[in-house]
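Look at the two complexes coming up: chain A is in both, with chain B in one and chain C in the other.
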Partner chain A sequence: MKNGFSVFMAAFIALGLSWCGFVLGPVQQLGTAKQTTVLNSSDIYPIQRPGDATLGLQVYRANGCAACHTEQVRQDGVVCEVALRNAGKNPVVVSNLVSTLKLADLTKDEADAVSDKITAAGGSTEIQIIPAGTDITRGWGVRRSVEADFLYDYPVQAGSLRAGPDLANVGARLPDLNWQLVHLYAPSALVKNSAMPPFRFLFELRKVGAASSPDALQFPKDFPPPAGFEVVPTPEAKEIAAYLLSLKADAPLYEAPFTPVMTKP
Partner chain B sequence: MNDETKSNCPARTDGEPTATRAAVPMLIFVAMLLLLFLGAVYFDHHSGWFDAKVYSPYVSAEQLELYQPKSGAAAAAAQGRKVYETVCGICHGVDGMGKPNQAPPLAGSEWVNAPGFHRLAQIPLLGLNGSLQVEGRDWNLNMAPMGAALSDADLAAVITYIRTSWGNKAGAVSADDVKAIRAVVAGHPAVTGAQLKDLPE
Partner chain C sequence: MNADKQSEFSGGAGVFASRIDASCRVPLLALFGGAAVWLVVGLALSLAAIMTFHKPDMFADCPFLTYGRAQAAANDALLYGFCIPAGLGVMLWIFARLSQTELALPLVPIVAANIWHLGVLVGTVAILIGDSSGFAWLEFPRGGSVLLFAAFLLIAISAVATFGQRRERELYPSHWFLLAALFWFPWIYSTANLLLITHHPVRGAAQIAIDSWFANNLIFVWLSLVGLGTAFYFLPKLAGRPLHSNYLALFAFWTLILFGAWMGIAVSAPLPAWMPAASSAAAVLTLVPVLAVAVIAVKTVRGSEAACKGGPLCYVKFGTTAFILSGLMLIASACPQFSRVTEFTWFGPAQTQLQILGFFTVVMCGAIYELLPRVMGFELPFPKFVRVQHWLFMLGIVLWAGSLAVGGVEQGMKLGNPQTAFADSTSAALIFLRAGTTGLLLILLGSLLFAANIFTMTLKWKLALIKTMIVFVKSPLKNPSASASLRRDQKEVKS
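Entry: the complex of A and B
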């Protein structure tokens, strides 16, 4: 082995460079990540999950939920729409102009140009930034997932396989605690043809005593529990449900901007 | 060792084989340079220069900056809230409920919910002293001209925010309106509670 040193150096450099790329680089970039603020607001994002939700992350992990569910919404593109806010002093001129222009499915540059034309005619406009992608069309999220969404999760349950739907935004999509618990107990009772296994060991089936428990699950009419019995969640079930309800990645951020739909006060 | 195995042996068995000085085909160089070029183009279009804030589908920090929602009612409301929370919220509360003996509530206040905004806009521009009745309670006020140093756009945004938040349902105010009011009231002393009642809405 007369080239032993060269072979060693070549292997060392190859492994060293990939270590720099896969470990050192990401740590430098994201290792010091801190809380940030919601876009155009002073609201802090993300907020530490509540205590039971933090425990619920460990239940989620222990039950291998990440084997079938992801927590990352993909975004394939971004489109702009120009909305007319005020027709100004010459509404006929502006509305005639608007009817000739393409207002949706624009790039930012095109939207700026359209907006300038309408402003020149005396109207006022608003440019809306709208994330696009198959996941967003499905309603799984309003924008792509970014690092800030996972700031307090350890370990991050990003997942890589979607046997079930993405859960990045499930707390905003399905905010009903009872729904989540019933779904864990009997997925097929709520979702037809659900492939999810029931997690009944997280619940206790017990005889109704003098009064039914305030925690007892409220089942749909076509899926009643056995007569005289009630289903009560264990602490683990409550924790994982709290974790699921805390999954809300729907705030606009600098790195994932969009125009939020303003809710009327 | 029979003859057949012998014929499969390499002819030369002395030492390791060495490369001769035959030239590498030019085509390989061209192909490698082409791959390098394509890789560089791809890198240029997709790397975002390893900026931690740049995620796909954005390709550069400049493009991400371009796509920040900046104009429109939503951005103005957000800007108004930001200014309110840094300038006004300390006394009037981020929920607009005010502070006892210090600042009257803005949520539901008849002065805020007046149809016009001319009277309301003078309070941050000039300050307000003396007694004033707000929501059926008497207040003895000593407010500095907190809005005098704000830009027209910021003051308009914050007045709009106050007039449309916490259940208030008065309309929006534009930067031009604020500019006009500011020009009219320039140089006036602080408004007193008694004067405020007589000002036009």
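Entry: the complex of A and C
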């Protein structure tokens, strides 16, 4: 390279290309994203977080929670199962056929083939899609995280380190408000050997007055607060707890399909 | 051409080289002084953050030092407080030396250095009081970023002006790397700030892509450009051998900026699949410049008779080795097979720490130790500290980055096995984190030695300046011969 201009051009081309790829590309593709509909339903997803949860995201940001917690669930593909819904007019033929087929632990193509065979014999089937992967087995989520999960968040706190567990679905996993608050105040009271720092500065230790505060935390029996005192969450603590409870990435979507497990009433 | 350049590098003799050096004195002191403070502050904050893993409730009542804030402040103090101003200072000196002219517009970088360090102060305090922007490696709020951006442009003006008035028209490889870095930072920093930290930020997951792009372009590409530009200047100079092959250096330069700029999107990021795929492909191709740099460094240094003895040559050699290692770690973690284990573990922080501390900080400290005595016109006040600091840094970085990396792999193995409880993966890494703290402590000690050298030097220079001024004020009143002694004093200060 002979002169400053050629160096400038080289840097311009190289950085310009990557800028088009990873700045312009995402802005074009994701920057205008809108709500989508939940698979096989008319519900829309995602729904704007409630007001206190939106404020709670700012508490989450201010204290750098994303330094230790991710909000993204990984998934290694899906496993399909074929379920027989209706045996049709020839139940014997269909049930004989079904007994010879492998119905679980299939790929999508295999499941389609099996389903076609059963349908040809007169039965009707349903293919169930079950996401696979360590994170899902751990119960951290029901499907992988997708772009839509972050649509309304600013700043997006996806995180990159799991010094603590993933929080993408913590609102569905641990829906008890009191548990969340006690855990913020004293993580080791609820999780043995927890490495999480307690966030006592988000709480007030108060003398119990004539009557205890309705907001006071309910501690487990083996971890009582000092006698005559109660622990009351500050507004920030309530907001961040509301944010944590609002973290629910559990809707089946076109880009991350799964068959919801029906919970018994 | 190389031989010519060499004779110019090994200069220092001759009135001219000393005038060039003297023209850089005040701007460089302003940049390096602040940088030394931020190096110590950043490492101390890093230590405060890691203490959480020794005693979780250490800062339970102190919001300012809770892990998430202290860690972010430490990262930014090191990157923006130390790395960038140190790199810019070294760059100004290299430009002046390669151009064989005095630094152009010397007042501009003095002002800019103060604005820059003010910006870092604003940003770091903002993070500690909970005003971080929440984007990794871009935590400074708008007030801080605006100051940094303005200061960078001012320094770039002075650097480009010095470059423009060069006497030797032909460019040296360091020129390519450093000029590209001057262009790189304003582009990535303004893009990231304008799209992420405004009233109308981009929507949703696009933030993840842009922040990853920015962080990679700053930590991998920018630091590599400046660090390698510096290494390619000092390696030949200190080893007394010409840089091995300008063509290979050109090849490394082109491949680094073309492929390196596309890395950074994590393998399982919740983004459209083409983005992580493109990033992984770019990572594989980035193997080319990393290996090219290894070949250049080895072939330049091999056969040299210069002994390094813990001096600047040792620093640059160790730094270049760390660059190759951290580059390989970064490339490995972009490969899906490897990232299954290392993603979301301490392996990632290990790589960035190796890049920032092991590679960039070490190369910069070596360069500063080599150039500062020339710039100031007197020897380092504590020359023995240079060697001690080298050993402290080397040991500290191996311990710190090494234990984070091994701890990360260990953690990843447990994380990847759903039968293992999550708490086991945390405690597996905990042992390594605690061992690594020793390493961090050693690095902090080393940085204190560095700061001691810089500040004693600044103090000595200021005292000499004040002495000259006193003599000057007193001279006409006392006796006419004082003006002669003034001239003598000034000469002493300059030489």
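Everything that follows uses one rule, which is that the second predicted complex is superposed on the first by the 252 of 265 C-alpha atoms of A that agree within 3 Å, B and C clash if a C-alpha of one lies under 4 Å from a C-alpha of the other, contacts with A are read in each partner's own complex, and residues count from 1 in each chain.
By definition in this document, a contact is a pair of C-beta atoms (placed from the backbone, for glycine too) under 8 Å apart; a residue touches a chain by one contact, two chains touch by 3 or more.
Quick caveat, the model's predicted, so the values are computed rather than measured.
Just to be sure I read the superposition right, which of the two partners does A:S246 touch: chain B = first, chain C = second, or both, or neither?
So A:S246 meets neither chain B nor chain C here.
Could you look at A:P260 and tell me whether it touches chain B, chain C, both or neither (first, second, both, neither)?
Touch partner of A:P260: chain B, not chain C.
Under the stated touch criterion, which partner chain does A:E126 make contact with: chain B (first), chain C (second), both, or neither?
first
Touching A:N169, do we find chain B (first), chain C (second), both, or neither?
Touch partners of A:N169: none, neither chain B nor chain C.
Of the partners chain B and chain C, which touch A:L30 in the superposed model: first, second, both, neither?
Touch status of A:L30: both partners.
Looking at the overlay, what does A:V146 touch: chain B (first), chain C (second), both, or neither?
After superposing on A, A:V146 lies in contact with both chain B and chain C.
Once chain A of both complexes is superposed, is A:R85 in touch with chain B (first), chain C (second), both, or neither?
After superposition on chain A, A:R85 lies in contact with chain B alone.
Compare chain B and chain C by how many residues of chain A each one touches, and report the one with more.
With both complexes superposed on chain A, more residues of chain A are touched by C.
First (chain B), second (chain C), both or neither: which does A:F201 touch?
second
Please identify the positions on chain A that touch both chain B and chain C, taking each partner from its own complex.
Of chain A, residues 25, 29-30, 33, 144, 146-147 contact chain B in one complex and chain C in the other.
Would you mind writing out the residues of chain A in touch with chain C in their complex?
1-4, 7-8, 10-12, 14-15, 17-19, 21-23, 25-27, 29-33, 61-68, 70, 72, 74, 134, 137-138, 144-165, 187-188, 191-201
Okay, in this complex, where on chain C does chain A touch?
Touching chain A: residues 52-53, 56-63, 66-69, 71-72, 130-136, 160, 163-164, 169-171, 175-176, 179-180, 183-184, 187-188, 191, 195-196, 201-210, 212-213, 217, 250, 253-254, 257-258, 261-262, 264-266, 268-272, 275, 278, 343-346, 348-349, 411, 415-418, 422-423, 425-427, 429-430 of chain C.
Touching residues of chain A toward chain B in the complex: what are they?
25, 29-30, 33, 39-42, 75-78, 80, 83, 85, 108-109, 115, 125-129, 144, 146-147, 252, 254-260, 262, 265
Per the contact definition, I'd like the list of chain B residues that touch chain A in the complex.
The contact residues of chain B facing chain A are 50, 52-58, 64, 66-69, 71-75, 77-79, 81-82, 85-86, 164-169.
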